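Each of the next two complexes has subunit A plus one other chain: subunit B in the first, subunit C in the second.
Here is the complex of A and B:
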């Protein structure tokens, strides 16, 4: 380690200072308006994003990017994810504004916690050492537990937070146990050292148990079946902007470490873990999409749908190829854009704390707000993987990677389940366009509309002209997947 | 190609409706119904007139490399090898003309039938046009798939918003059935994609290492190199995608619902064009790319087609609802198309292609005609009518012509198609031909019986005694179809000329030895050398 390494931590340092400032600011002065908290947060995020881009440009060489005794990497992969996280948190920030207009809850702590969670996510994206990854993950999780219970006088919200906290800590413990077993066998927690150690090892029980526990813990974090049971309750009970945060940014961060750990650290035992993960992926796609059909509450429906999407994302990790890694990156972007857009629409309908959550609340939206109805259709088509939306490009990559790496059966389940998913997505479309309207008011907040328009633009632009995204993704995927080679016949 | 050289005419035809739709969305107020209707009709008409030069500048004699004409190719997503690639042969040409004509008729026929949410209605119809034309033009699998899926959404809304009583059920069923088929087709496309490059490890299949491409013509070239086992799986994926769309026998259950509940214009487009997507898919992709699999599944497809023909006709006989009756008759007619195609000889495929057009014209006309009385009486039950011939003579005449055309009376189009198909099928297998002929007899039975119950007999229902005959607008929508019925019926060679080369091309792809075994039915063509090379490559 050299003192120069500190330069690469500037974004995280800025963010931490900013988060503390957000916490302290209302104590120092008179209680300022929610508006100013929001704009301070946005400014903080903008500065952090600039710092991420600037610091990444100082890295020219792969070897140079390993920092702090190879705890922390600044590479194209981490920068890609960091910018996604910052953008997603910025959208969540913009979406939260309405929530604090007449609320009893202070926006300052809220944004501060969001900034701390983001800080943890930035560490996760850069972590190449199981400890730094774990610390980042815990920072994100602890902030999320509090945020899920932010409506402390609402029973639903506190219940969600409690459930999330208990199950989350258990899963963290499982994850940690897996890490310790891997450490015991490999003698290191650094992913590259683990990889080097594993290349000389043959299968042994302790290692397998370690990998299995690690995978279980991570599957909990991305909400993959059978570790998904917390998801619907937490998504339903948490304040809606936090649900949006959990289902997008938080999930993407978990996927980022999932991909990095398995592609860099555990690639030698792909034959051993790929089948387990393939089962998890199949189960997630089936359970998530089938369970979503019966849901009337849109938060629960999207929770189950996000379980399904975790399954799709796992396809990219299982296939262990550059194609698969590209798929993970592309799909993360398109999934985040569509999901954030949908949450913005739900918030737009939300007049009270838990209104706007039933599918029937969307009835007749096309007369009340043609823009939102159209945008919702595009988001839902994107989640269903129908061209010309970006979701199709994402699914294309994941299915192609699965077929290429020999998981044809998984690809068949995946495409059939994406057809099933259209069934419940269409229920929302039916409500919006084919049923007579309610005359409830919709929120006209400009920031919500901005989030919707931005997500719509991403969804349509990358659906029709995906080349810019693909170019970026090719570079980013190469950093991580360069040495990953799909083992032939892994899927048989 | 004369003055069309260098003009991206196919793209223009494809996107004119889209531009029209965007124009209406952006500039016309929702309550300005007259303007919306006129602009929509105008756009569809312009599109139709733009497509007419294709007919005249298309070179029916070109074969080999020149078979696909009016080509346009630019890179779209280079990272994936996706090209924006358009081009048509004679088969696509006829289907595009059918699509643009049907578009005009569908829009023009909706003026009085659609009374609410008109702006959305016409916008969706125009979007549907873009999707359909693009599907027929695309020579890149990725592009094809995009257009294929794009068609789905407008049709879903057309059925769901402006349909009959059970419209929601019908719309969702239509959407999910088609989507389930098309995602399986996507997997087949991906398998082809990998075959051209690195192969597919899980089937132990080595690829050609020729790079990633979605170029349909490239797959036409390399199709026969694909191992038979893989061909079979790829065929299966295509089969689900296309057979659901056709629809073939066990997958037909979405069709009666969708047809019956859709608004008239929706039914017309469904019958005339959307069902052809399935048969077109078979003829463009499954047959030439997967010859071994095709030969292997012939008995199965023939069996399903024959079941479709006979079962479809029997179910048609007992229908009480006019629209449902015509919907089920489509199952029977499309069975003919599939049977003729899988006779795998030039006669059968030619008949099959022509029958695709014929079915569009005849069944489209019948749906329009049912729409006419439905609009006046708001019932489609046959029992509610009777003796209409006295009250509506013009209507009865045109209905008779359409029904006769549909049942295959000589001098009308249906006869030419069915006769050619029967010739081809008999050439292949006499038993199939016997069953197919049975379908024709049943077809005559259900249509004549329908006609008898609706038009003959006493005009005893008082509600029917005030019925008005066809209006000028309605007559105008039907007239082009009637003209086409006679045109194809009397001068079929103008149409057969266009599809002769494409059909030869397909036969040579799927069965390269065919022309060595059978004497040529027409003089050899300059492009013949090309197919010899293919034959050599196989040996």
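Here is the complex of A and C:
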């Protein structure tokens, strides 16, 4: 480590100072100006994004990107994910404004916790050492537990926080136990050193148990079946902007460490873990999509749908190729854009805390707000993977990667389940266009409309013209997947 | 492959036992405070594991990890207790079964 390394931590340092400032400001007597909390947060995110881009430009070669005794990587992969996280948290910030207008809860601590969670996610994107990955993960998780229970006088919210906390900490403990076994066998916590040690190892029980426990902990974090039971309850009980945060940014961060650990650290034992993960992926797709059909509450429906999407994302990790990595990156962008748009639409219907959450509330939306109805159709088509939208590109990459790597049967399940998912997505479309509407009011908040328009623009632009995204993704994927491709299953 | 000496194996057995007790405690106990204690037990089982390996491998990394885990476990306990207190204020009970507004 050299003292010059600190330059690359500037985004995280800025974010931490900003998060503390958000906590201190209301104490100085600025509490009245609730609007300014949002703009401070947006400003903070903008500065962080600029810092991420600037600091990444000083890194040119592979060796130079490994900082702090190879604990922290600033490479194209981490920068890609960091910018996604910052954009997603910015959208969540914009969505939250309307939700807090008549509320008894202070927005300052809320934004501060969001900033701390984002800081954890930035460390997760950059972590190439199990300690830095774990600390980042816990910073994100602890902030999320509090945020899930932010409506502290609501029973639902507190209950969601409790369930999330208990299952989240247990999964962290399981993850840690797996990490400790891997450390014992490989003699290091550094992903690159683990990879080097594994290339000389043959399969042994302690290592397999370690990898399985690690995978189980990570599957919990991305909400994959059979570790998904917390998802519907937490998504339903948490304040809606936080549900949006958990189902997008938080899940993307977990996928980032999942990809990094398995592609960089555990690639030599791919044959051993890929079938376990393939089962998990198949289960997630089947359980998530089938259970979503029976839901009437839109938050629970989207929770089950997000379990299904975790399954699709796992396809990219299982296939262990550059194509698979590209699929993960493209699909993350596509999924985040469509999901954030849908959550913005749900918030638009919510006049106060838990109203406007049923599928019936969408009835007749096209007469009340043609823009939102059209945007919703596009988001739902994108989640279903229908061609004019970006969702098709993402699914194409993931399914192609799965077939290339010999997981044809998994691709078939994925295609079938995509068809099933269209069934309940279309239920919302039918409610919006073919059913008589109630006279419920629709929020006209400018920031919600902005989020909807931005997500719609991303979903349509990358659907029609995916080249800029693909080019970026090819560079980012190479940083993580290049060696995986060069030595497939070496040491076996 | 590293051969595990008897002394290290004993530590691993202790750690595995503690971890299992913690996991079973989380699953069968209905009192939130006990659940929280069981989670701490699981984290400390991991710590024993890491220290045993660290000693065996003569590598400091494991012990550094333990210090991080202890610090984070303290934060976790604080957040967990805050959530339990809030639950108690709303329901006058810290029983997990009382929390059933969300049907899951």
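Definition applied: the second predicted complex is superposed on the first by the 484 of 492 C-alpha atoms of A that agree within 3 Å, B and C clash if a C-alpha of one lies under 4 Å from a C-alpha of the other, contacts with A are read in each partner's own complex, and residues count from 1 in each chain.
The criterion applied here is as follows: a contact is a pair of C-beta atoms (placed from the backbone, for glycine too) under 8 Å apart; a residue touches a chain by one contact, two chains touch by 3 or more.
Fair warning: this is a prediction, and the values are worked out from it, not measured in the lab.
K.L.:
In the superposition on subunit A, see if there is space for subunit B and subunit C together, and answer fit or clash.
P.N.:
In the superposition, subunit B and subunit C stay clear of each other.
K.L.:
Tell me the contact category for A:275 with respect to subunit B and subunit C: first, second, both or neither.
P.N.:
After superposing on A, A:275 lies clear of both subunit B and subunit C.
K.L.:
Between the centres of subunit B and subunit C, viewed from subunit A's Cα centre, what angle do you get? Round it to the nearest 10 degrees, please.
P.N.:
In the superposed arrangement it comes to 140 degrees.
K.L.:
Applying the touch criterion given at the start, work out whether A:204 contacts subunit B, subunit C, both or neither, answering first, second, both or neither.
P.N.:
It touches subunit C, and subunit B stays clear.
K.L.:
May I ask you to decide whether A:461 touches subunit B, subunit C, both, or neither, giving the answer as first, second, both or neither?
P.N.:
Neither partner.
K.L.:
Just checking: does A:131 make contact with subunit B only, subunit C only, both, or neither of them? Give me first, second, both or neither.
P.N.:
Second partner only.
K.L.:
Regarding the shared-chain residue A:105, is it in contact with subunit B (first), subunit C (second), both, or neither?
P.N.:
In the superposition, A:105 touches no partner, neither subunit B nor subunit C.
K.L.:
Considering only touches as defined above, state whether A:158 meets subunit B (first), subunit C (second), both or neither.
P.N.:
Once the two structures are laid over each other on A, A:158 reaches subunit C alone.
K.L.:
In the overlaid three-chain picture, find the nearest pair of C-alpha atoms across subunit B and subunit C and give that distance in Å.
P.N.:
29
K.L.:
Contact residues on subunit B for subunit A in the complex?
P.N.:
Interface residues on the subunit B side: 77-80, 145-146, 149-150, 152-153, 156-157, 160-161, 167-168, 171-172, 175-176, 179-180, 183-184, 186-187, 190-191, 193-194, 198, 200-204.
K.L.:
Can you tell me which positions in subunit A touch subunit C when the two form their complex?
P.N.:
Within the complex, subunit A contacts subunit C at residues 130-131, 134-135, 138, 142, 145-146, 149, 152-153, 155-156, 158-163, 165-166, 169-170, 173-174, 176-177, 179-181, 183-185, 187-190, 201-202, 204, 229-230, 232-233, 236-237.
K.L.:
Please output the residues of subunit C touching subunit A within their complex, sorted ascending.
P.N.:
1-2, 4, 12, 19, 22-23, 26, 32, 35, 39, 42-43, 45-46, 49-50, 52-53, 56-57, 59, 61-62, 64-65, 68-69, 72, 75-76, 79-80, 82-84, 86-87, 90-91, 96, 99-104
K.L.:
Touching residues of subunit A toward subunit B in the complex: what are they?
P.N.:
377, 381, 385-388, 392, 396, 399-400, 403-408, 411-412, 415-416, 418-419, 422-423, 426, 430, 433-434, 466-467, 470-471, 474, 486, 488-492
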